[in-house]
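Note that the chains take the letters A, B, C and D in the order they are written out, and that residue 1 is the start of every chain.
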């Protein structure tokens, strides 16, 4: 990392060996990453988030062409916590995005991709050959856009084809992001593992809706959206626990994490790293440092020297 | 209703024509019912809840034999709202229960049943031939007990067999309660409708887990449980909206309802009545009257004279 | 973040005291539990084993509280066997509390039902005249006598022990003693916790004399928050409407003193 | 229940005022919006149509607030067309606010960028010497002149209008006027909101003289709460870090005055 950046960092940021974690072949300085779709369209912002303590940043899900996404309202705040969003995967397209991050030096960037067929993913991956990136995450689980996301993830055969194709076109680690759709997500996990996936991110948002009683209509322009944040934490945690109980695959936990306790719960359930998005809406980007700090204190108190020692402990009880 | 009971009632309780609602053949004085499994083992308590404003009470899910359920802890309070429970369908068995409610005169009781095969349901229904009950609700969606609940609901062929058998053994209306399992719940709804179901209750709890970071183990004795309360509201509301958009079947909305606004949202999404459980844990049984009141005020303000006029309005926008 | 009282707080057992061969007191630190009202209870998690309702025992040290448990079935034996240094989870407090009158007070406790009685003693006024009756089967099951005398040292008071076998204190069932006491005195308030039959007789006696009486009931509990229904007695839910009920109310509850529900919810006779 | 500021509150448009042929002010009642700080904005839902960020316009009547909208694309035209009696949803307020200095103040507003300037005027001290420059293309696009004079009636003040075509006030681009003003005066604080080129030039001029200057920026917004990222400019998020930024900071942001992002997030030149 260059000196200029270092000088801007909070002291805490300097790599702390206890927080290093490996998600299969992916090695991270810190276990908490930015989830896909959150603040994820500019390299400058990625740099800022990295300096704020994120172990990696996942980009917005990119498609072969730029997408405007759905009209506003695209985000709804749920009373009592969490958000329902139907941004509609708005993104500048893989090519524009790749150009933007070509200058990346420091930030561990995980590029998230959406598509309908193997060729979509293959062609996008080609665009990034001049970029320094840490991994690709295949979004097989967006619950509110037709023909991509869950419509792919709910079809294990298609998942197999996509991952097999992707694995032959790059050596960069591939992560599959799964969610709760209309089939058993464990079949998708199984198909992904069979096809050589390097890690699983679980979970995406859960399909939901919000209705305004005064105007008597759904609030989001797309009507349906994806529920994220605290409400889905117990569900996401269960998925991590289920996957790690059934399969031997590195897992990145995601869904409703906003405190260090949440992060530790996901680690104890079997994830080697975690992602968060919604918590930024309430705690802003300080959330990364707060969680890193909390995990470190916990590890000190409990006598752990590596994240790895805690991964999956809850299953041993 | 007898005079004695009337005298104990809050004034509000007297039947208000605006609140009357029909769920297919089932006619209710008020649209908010007690959900299954909540406070549901004693006729005395049913009477009390009815006097508190519940339009009907659904019993705990009953099985052919008494079940102790899982050891404690069976309930966990989620930070930020809601509960995860794995009571394990503890219940006194259909026969004991039927005996207890034989003396029922006043309360609209909906008897909830769990089982694995058509014969389980048929035999239980026979037990109730001397009881005054309003409907049977088939629990096809408990997420934390093996061989019943979701394991049945996720198998549309079995659902068809069960409902067809049940429909031939009684003339009492039959409701199917669905939830989010490992298959598309809309296929279960479809199978239920094909087999002549009278109404659908949506949804049950959503499979979840809670882990304690200090002791590093799942908290519930069964490890997995079902998430209920505010966190699942946006998901439950979406299911009601999806079912009512796709099928022409009376719907009872359930999941995270705790205010009159919540109840109205479910009605606007297409349910003719609603159930609630978790809200009792925070607002106690006053919640029924509070919601009835709120709905009435809303109807007055908006100029409605019947619940029916509001059912499904959000789909018309 | 504010503490969610429904969330099990992990506490470490700091000290264990054997009260009788089958009853132990486990002391731990917790400000919230230190300050509960008499009659309130906690749900106590024994990690990996079970969770059960427990009245919260007083501790003289500030910031500390305790549970006094009799080993019985699986859950209570699990708690009984918790060692110093082990973790338990504590949520609550739940339930209402005794409505404390002033003047001449009668407290009737049996077994671990003495726990809320001890806490009640910490709330009496120095001007109150307090009679505490402790019922036990035999001498080696008597506990908290010394503590009670200590808590009452500034009051006009009597601590009466009865044992069924006469091995200590007065011989005979505790209810005979109560009968005598209510015949000979005009109590301003009577409070009881212990075996249901004892409570039933006490309430019946007091009620028949028109005296103010309250009992703290026990029923199978799962949630403690008024959701699961397992603690119902007639139309009341012990965790939410109780644990403390007025004698008047109890005498009109046809399950009081006669039935309780087992884990499946089936009514069983006492 | 406490109001969740992120939840659209349904308000009814009570009055509509045509400011110019393309700009309207919509007045509604809402205590929270009545009291926002200058620079803060709301997300405004036009049910069934769209949602867009709007600075909150002042209203003299207590408990009321307003939006002043120029019809432009789909969303703003939708809001522009809202009739008296129709419902809109309002969430917020969001963003930070201007850091108000005392003494000699210069405010530079263009178009609907005048909205936060009007609110700023309600916060100036009577002792402040205030110069407001309003830039417009031509006479029929000038609005809020009278209101500004009224809000400043107790201050030493000047309201200067410039029009590109000279049909009203001074002829020429607003930035020429600014240049003259900063050369001839020592301002204690300069505040600007309007077209980005105008803000850029204003900030550049002020910054080159070492004067304190702040600008309130506009970017595409979806969430308003710092989640979606659509409002980013360099490493800043306008909804969360702004909308108000210091001149120093802006001059080091390589996107300010040059690029904004379209709905897909692609950088476009201004």
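Just so we're on the same page, a contact is a pair of C-beta atoms (placed from the backbone, for glycine too) under 8 Å apart; a residue touches a chain by one contact, two chains touch by 3 or more.
Note that this is a predicted model, so its numbers are computed, not measured.
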Set of chains whose contacts include both chain C and chain A: B
Most remote chain, CA-based centroid, reference being chain B: D
Rounded Å distance between chain A and chain D, as computed from the means of their C-alpha atoms: 36
Intercentroid distance (Cα basis), chain D paired with chain B, Å: 51
Per-residue overlap in chain C, given as positions that touch at least 2 other chains: 1, 47-48
Residue numbers of chain B (touch at least two other chains): 79, 215, 217, 317
Touching residues on chain B, where the partner in the complex is chain A: 78-82, 84, 180, 182-184, 186, 206-211, 213, 215-218, 223-224, 227, 230-235, 237-238, 241, 261, 264-265, 268-269, 298, 313-314, 317
Chain D contact footprint on chain A (complex, rising order): 37-42, 44-45, 47-48, 60, 66-69, 71-75, 77, 79, 83, 85, 87, 90-93, 96, 100, 212, 214-215, 217, 219, 221, 277-278, 280-281, 284-285
Chain D - residues contacting chain A, complex: 1, 4, 6-8, 10, 43, 45, 47-52, 74-75, 87, 89, 91, 222-230, 232, 234-235, 237, 240, 261-267
